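Below is the structure I would like to discuss, written out as structure tokens.
Letters A, B and C mark the chains in the order given here, with residues in each chain numbered from 1 onward.
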Amino acid sequence: MTTRRRADPDPVPDPGPALDAHLVVRRAGFTLDLRLTVAAGEVVALLGPNGAGKTTALRALAGLQPLHAGHLRLGDRVLDRPDTGLLVAPEHRPIGVVFQDYLLFPHLTALDNVAFGPRSHGVPRRVARDAAAGWLDRVGLTGHARRRPRELSGGQAQRVALARALAVRPQLLLLDEPLAALDARTRAETRAHLRQHLAAHTGVAVLVSHDPLDAMMLADRLVIVEDGRLVQSGDAATVTARPRSDYVARLVGLNLYRGSGDGTSVTLPGGFRLVAAEPQRGDVFVAFPPSAVALYRQRPDGSPRNSWPATVSSVARNGDRLRVELAGPLPVGADVTAAAAAHLDLRRGERVWVTLKATEVVGYPAVSQPTG
Amino acid sequence: MRRRADSFTLVAATALLAAGCATGTGTGSVSDGARDDAVAGVTGPLTVLAAASLTDAFTRIGADFEAANPGVSVTFSFAGSSQLAQQITAGAPADVFAAASPATMATVVSAGEAAGEPAVFARNQLVIAVPDGNPAGVTGLADLTRSGVKVALCAEQVPCGAAARTALEAAGSDLVPVTFERDVRAALSKVRLGEVDAAVVYRTDAAVAADEVDAVEFAESGQAINDYPIVTLAAAANPPAGEAFVGYVRSAAGQAVLTAAGFQSP
Amino acid sequence: MTVTAPPAVSRRRRRTDRRPPVFLALPALAGLAFLTLPLAGLLLRTPWGQLPARLTAPGVLDALRLSLLTATAATVLCLLLGVPLAWLLARTRFPGRGLIRALVTVPLVLPPVVGGVALLLVYGRRGLVGGWLDSAFGVTLPFTTTAVVLAEAFVAMPFLIIAVEGALRGADPRYEEAAATLGASRWTTFRRVTLPMVGPGIAAGSVLCWARALGEFGATITFAGNFPGRTQTMPLAVYLALEQDLDAAIVLSLLLLTVSVVILAGLRDRWVGGLR
């Protein structure tokens, strides 16, 4: 018997092509208009609320959804250009897709699932199966080659799906909510595992997620998509420090407002004025964390320059603190310790005084930054 | 099949009667024991099972009978005689049975389903039916065995087929047909559609389809003439009407219709 | 041996699978009786003593062989034409799709003899297509074994199409998308993903198709005629035997029934998932 030869991984990583896309897809009641540029070796996460168009964008990249306008270029090859009528079908694109439900072929074993891609590209069956076995090793599923998808756990199935997508050596790797179907513990393991493979992948990778933690851990860059449009793009630190949309703000737990700065303070819609750490001019965002908000029974002494009376609208647990939502001239969320809450006797409907140090209020221009 | 009591049939029947009298087709004369008219006062429903080859003739006779006996409504069922015989022995409700061969009638009689003795009311002779214009140029039995000529025969289990076999044996023919049809009308329809070049059917059937089919006589047909017996059935629901109908068939009026259709008198 | 009385516990026995309710069990039993009593009648009336002689009578085995052969050939024809048609109906949108689907089921409601006449009018010697075949190639279809296969396929194909269309509708088209993203051409996807996934549905449809083809009478005798060894299938043989000899007809029917039941029962459940 000959010993099984494992397919070797590429000894020298090859930079591969970059992705340049302007995705326009029109649907009833919704239009996706997204510009996306990804460098070779980069992992970009499309992050946004449900219905934002992330999956539509992914399907357009895969060729499962034709563009209505714009273009899609991978390296020096144009895959979709509606105005010249050029459209490359998915089977001719150098892509690999990991689907949300994995979509492992139920009638094939794990090995044959992974070998499916290479075989479809004309690789002889024996060679394809050897390569598939190599990939299964690499995702840590050595003994599972002969199992059917229904015999695999969620985490195992996810890894087979990943191996299947990687086995075709795609220049563009697409992942649609790769961790969504997993329970919390498996998710953490699989996330680490996936991160390794994405790092090793030399082509372009675009993943879609509605979970910011997954996105931040797996991707080099976040692209926030809301209502079919790109709202913000940048690495995780930048995006979370200076969110440009309610969605991200809520995601990272910041209080975010948009208003007009006149140098000394920022006027928010409704006339409320906030003093920020630094002078701001023009159309600006202002943000501050809930922990920056202090609550008092009466108007405090001293000169906090932002202070106003408010009413408690809800109190909820938030880790080891309490998140207090306050209604008033400016609705804010505040984080207080349990002790402080007890001392203040915080209950729904209670009147309190809110103060906010100007130094904690961060302002930044609202004009869209150039996309990354 | 149901009776057709429309006026068209009545007119056609009258026309054919006249034509029959004028051209004098067929041999023989009206049978002696026939009564001229039905017994007055016969009423009610009447069910007659008759051989497929009697379809057109009996339909006309039925209409005439109803005209002569208002109050009677005749329902016919036409099919292969052997199939009808099987139905009768299995208990199918009917008043009268008219068969295309003594053999099929014998099945019914020996099963005790006949009320009285069957009487032969007509005879039928075979002809070769060919599509209009005789494309294969058939002039007799010998032409049927020419290569390339497609022939349909009735299955031997039905009277027409048995008669054809007798005639072919008498002629010493080794004819192999392309199909053995289940009854004589099915064989005839193959000729009408042009699917076969010839079929051995009754003269009466060829006459019915005279506009689409030509009839070619052949000498050996005289060796296998079928007698058609008729009888009222033991389990008849309407015996008086049944008897009256049998009488009408054997009467001058009925015989005239049969002769016009191409049957020979018994 | 002494018998001790059982302890006085409630008579209700706990079963892991519950008995079917009466309002379902009674009609079900009635339906079963309705379907099987005629078979019992046939068995009771069989002239068992004459069986060997009758079974070896000339033409009997010919008719059986012809029936099995033509039914199988008809099923193969139905698969070759019917599966793609079912795919078209299930997976593509085109104007008039509903009408096409209705037309495809016409042989189901058409009396078989009428179907046979229609086939003659098209494929007969003077038919629309048949006339051309005759003049161009000298090929005539009626009265041949091929005609039997065509007649049987005509009446049986709707069964296959309906079963396969149903199976295709139930199959998730996203698997085909996944296959495309892995580089599979449309043919490869159809062959390696779609077909295997609807395999049980196709098998079930094929069984129905085969059974219907086997029992076909009216279209066969009208279009293909009746000639022993060439076009006389079992149903035709039974019909003609009935003209003369009830016993012969019963024996032939019993033979056809036995062979069919053996074949159908022999198909494993898991191959024919839909007909379980």
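The rule is short, and it goes like this: contacts are C-beta pairs under 8 Å (C-beta built on N, C-alpha and C of every residue); 3 or more make two chains touch, one makes a residue touch a chain.
Every value quoted in this text rests on a predicted model; they were computed, and no experiment measured them.
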Both chain A and chain B are touched by which chains? C
Greatest separation from chain B - chain, by CA centre: A
Central chain, going by Cα centroids? C
Centroid spacing, where centroids are CA-atom means, of chain A and chain B in whole angstrom: 89
Determine the centre-to-centre distance between chain B and chain C, using the mean Cα coordinates as centres, and give it in whole Å. 38
So, what's the distance in Å between the C-alpha centres of chain C and chain A? 54
Give every residue of chain B touching chain C within the complex, in rising order. 80, 82-83, 86, 150, 152, 155, 157-158, 177-182, 186, 190, 193-195
Can you name the residues of chain A that touch chain C in the complex? 62-64, 89-93, 95-97, 99, 101, 103, 105-107, 116-117, 120-121, 164-165, 168, 174
Sites on chain C touched by chain A in the complex: 172, 174-175, 177-186, 188, 192-193, 196-197, 199
Residues on chain C engaged by chain B in the complex (per definition of touch): 120-121, 124-126, 142-143, 221-222, 224-228, 231-232, 239-244, 246
